[in-house]
Amino acid sequence: MRAAAPGGDDTRPLEDFLRAHPGVVSLAFVLGLLALWEGAAAARWLPTYILAPTAIAREFWVMTTDGGLLVPAAHSLRRALAGFAIGGSLGVLLGLLAGASKPFRDLFDLNQAFTHPVPKIALFPAVALVLGFTDSARILIISVSAFYPAYLNALNGALGVNPRLFWVARNAGASKLRVFFQVLLPASLPRALVGLRISLMVAFVLMVATEVLGHSNGLGAQLMRAYREGEYGAMYAGIVAVAACGVLANAALQWATRRLLAWQAHAGVPHA
Amino acid sequence: MIAIEGVGKTFRRGAQVVHALGPVTLTVGRGEFLSVLGPSGCGKTTLLHIVGGFETPSEGTVSVDGRGVTGPGRDRGMVFQEATLMPWRTVLANVAWPLEVAGSRKAQARERARALLARVGLERFAEAYPGELSGGMRQRAALARTLAMEPSVLLMDEPFGALDAQTREVMQEELTRLWQASGLTVIFVTHDIGEAVFLGDRVVVMGAAPGQVLDDCRIELPRPRTAQTKSDPRILEYRARFWELLRQQGARAGAS
Amino acid sequence: MPGFPMPEALRPPWLKLAGVALALALWQAGAMLANHRMVPDLPAIGAHLLDDLADPEFRSHVLSTLMHGLLGLAIAFTAALVAGLAAARHWLVDAAIHPLVTWCYPIPKLALYPLVILLLGLGWESRVAQVALECFFPLFVQCHAGGRAVARRMEWLARNAQAGRWHRLRDVILPSALPFVLTGLRVALPVMLIVTTVTEFIGDSQGLGHVIVRAASYFDTAGVLSVAVVLGALGFAGDRLIVLARARLVFWERGVEL
């Protein structure tokens, strides 16, 4: 990797410390950027619509405590999570079934291949024409979008399961139902959870995208309103709120994934 | 007890027809340890899969105790080269699984699984996950799991092939000890001559292209077999005999 | 899992085509049952699609979407390649950038669009910038993985042969990273289409997103769906192109599924 410094003394304490604690580098980098930004704002180099980080933080805090953010956030989150739950669970279930059964997979295959590349947001105006700009329309589009990554990853997870595991199950005389729930599902779970993570991200993107059009009580709509009315403080607070929702939801899913796949943590530490 | 009558297997690869195996006719007596020795590609694994019911023969039949084999069953337990344990379950849960499948209650199944683990010397690792075990330990766990199905026949497909030389030796001695006490009928497939001779009552040598029986030889070494047996001079004779056969096979394969 | 036994006659592709036929039949039945002014049946959608494809104005919108989208993608690709490879090769760069990218990944960047508009105006520039911003992330992740994927042995081999920095980059690092980079493009392409479409909902009157909104304002559901079909076809074609490119460029990895 790196050669010892000539003279035999191989001490570069700062570099060693930073290599061992990369988080420090990252933190320093981010803080550095924020400091530059704050400085530029204080020196009035920035246009009026770019607020300083401290100003944004203050605005965010105010709007959170007076409920101006929590209410729309609740509405947006409700839709995003509902869409994720519906699309994600259906995706995993059908993906596993498709992985287990070739006829089933073939029935779905071309349909999936042709509809997958269509940006589902393009369908939103059409759906809104039938259902109006309602929760159902938005949740429908979010669900459909969240379906695909979950389906594809669950399918690939199921297809990638070691076939010998199924042989062992047949050897033991296990029923098809038992094989599905006790072998196929746990074996496909790691990949399926990767798919669900993507589904969650997609759900949040669609959450914002569906609030670009039509009247809505959500964060995205409020954000756009603030922009149009020149309320930049509220706009930034909204952005931070959306970001926070995305990050928190993702962290929650990561935590759940770690718990579900606890057995993986034990791997790679072999006894003799 | 196991009657293999004219079993053969051909399969199609695109436009080609590959005659992988047969016809093979063979019997295995009850409680007998049969070693099937042969080079890679000689169809010995296919034969094992057919006896196990995981593959269907293109010709011929297999019957166990007079009943024809139509599919996999708990009476014929398979042990694969890769341990094939469920990585998301502990070792104990893995071994208990076939018992649960058969209808035992969880607690009962775990009790019996613990006893099986003791038989293979893994009782201390009951709560470990397969990912934490070495290759040899995983194979022992896989063996315990197969025994949990209470089979009358054990079908072993080069189970020690992926292990290092020392572990393999240890496992061979453990297997023969376990078998001695169990009375199971075993068909053990391997490409290792020493292993085949050490373990088997009988060695069947198979040649490749197409797979067929070249030799069927009783091993007159005293039972029980132990580490001492490995220094028995008769082993060298058997080795020489089989080695010559296999070498000819290799030369033919190289020339073709 | 050994599937249910299938009679030879129903072997694919018949079953696959049957699946599509079934889906189309379901739509047609649904449209006829609903008898809703806003739910067009298949012939209506098909007719609208044919009209659109013949219409030069429509085609110019398609071109606009493609051009802006691909420009944004190209910018993202360049930035991601440089940043990703740099981060993969230098621990300091990696420590600084990588956590930032990981943390920002789950944030819906679309929320930043108003800010982008403030900076770059309502025209195509902000659209391209938004596409670049959103496509950067998956491309970075893949380029980073690609940079890391170079087998240790290969690097040692190159250094053994006294290969200079440039040679190492061109002959060892880039080819090893190539499969990952192509996967990244495959993931980024649908993102590009989505972002381009949404940004065309608002802003200047160009592109397929604008056509959708215009059709919707005339309650022309068939029009909206026609554009959706075109977008889907573009995405499908782009995907196939990348897969083809991968097969040809990464010829040493036959039969590997992306």
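Order as written gives the chain letters A, B and C; numbering starts at 1 within each chain.
As a working rule, contacts are C-beta pairs under 8 Å (C-beta built on N, C-alpha and C of every residue); 3 or more make two chains touch, one makes a residue touch a chain.
Computed from a predicted model, the values in this text were never measured in an experiment.
If the chains shown are joined wherever they touch, the resulting network is a simple chain of contacts running from one end to the other without closing.
Placing every chain at the mean of its C-alpha atoms, the farthest one from chain C is found to be B. Of all chain pairs, the one linked by the most C-beta contacts is A-C. Here the spacing of chain A and chain B, counted between their Cα centres, is 47 Å. As a whole-number value, the distance joining the C-alpha centres of chain A and chain C reads 17 Å.
Along chain B, no residue makes contact with two or more other chains. Within chain A, residues 170 each touch two or more of the remaining chains.
Across the complex, chain C meets chain A through its residues 1-4, 6, 10, 12, 15-20, 22-23, 36, 38-39, 91-92, 94-100, 103, 105-108, 110-112, 114-115, 117-118, 190, 193-194, 197-198, 201-202, 208-209, 212-213, 215-216, 219, 221, 224-225, 227-229, 231-236, 238-239, 257. Here chain A touches chain B in the complex through residues 162, 164-165, 167-168, 170-174, 178, 182-183, 186-187, 189, 261, 263-264, 266-272, going by the rule given at the top. The part of chain A that touches chain C in the complex is made up of residues 18-19, 22-23, 25-26, 28-30, 47, 49-50, 99-103, 106-111, 113-119, 121-123, 125-126, 128-130, 156, 158, 161, 163, 166, 170, 179-180, 184, 200-201, 204-205, 207-209, 212-213, 219-220, 223-224, 226-227, 235, 238-239, 242-243, 246-247, 249-250.
In the complex of the two chains, the chain B residues touching chain A come out as 52, 54, 71-74, 76-78, 80, 82, 84, 86-89, 97-98, 101-102, 125, 128-129, 131-134, 137, 145-146, 149.
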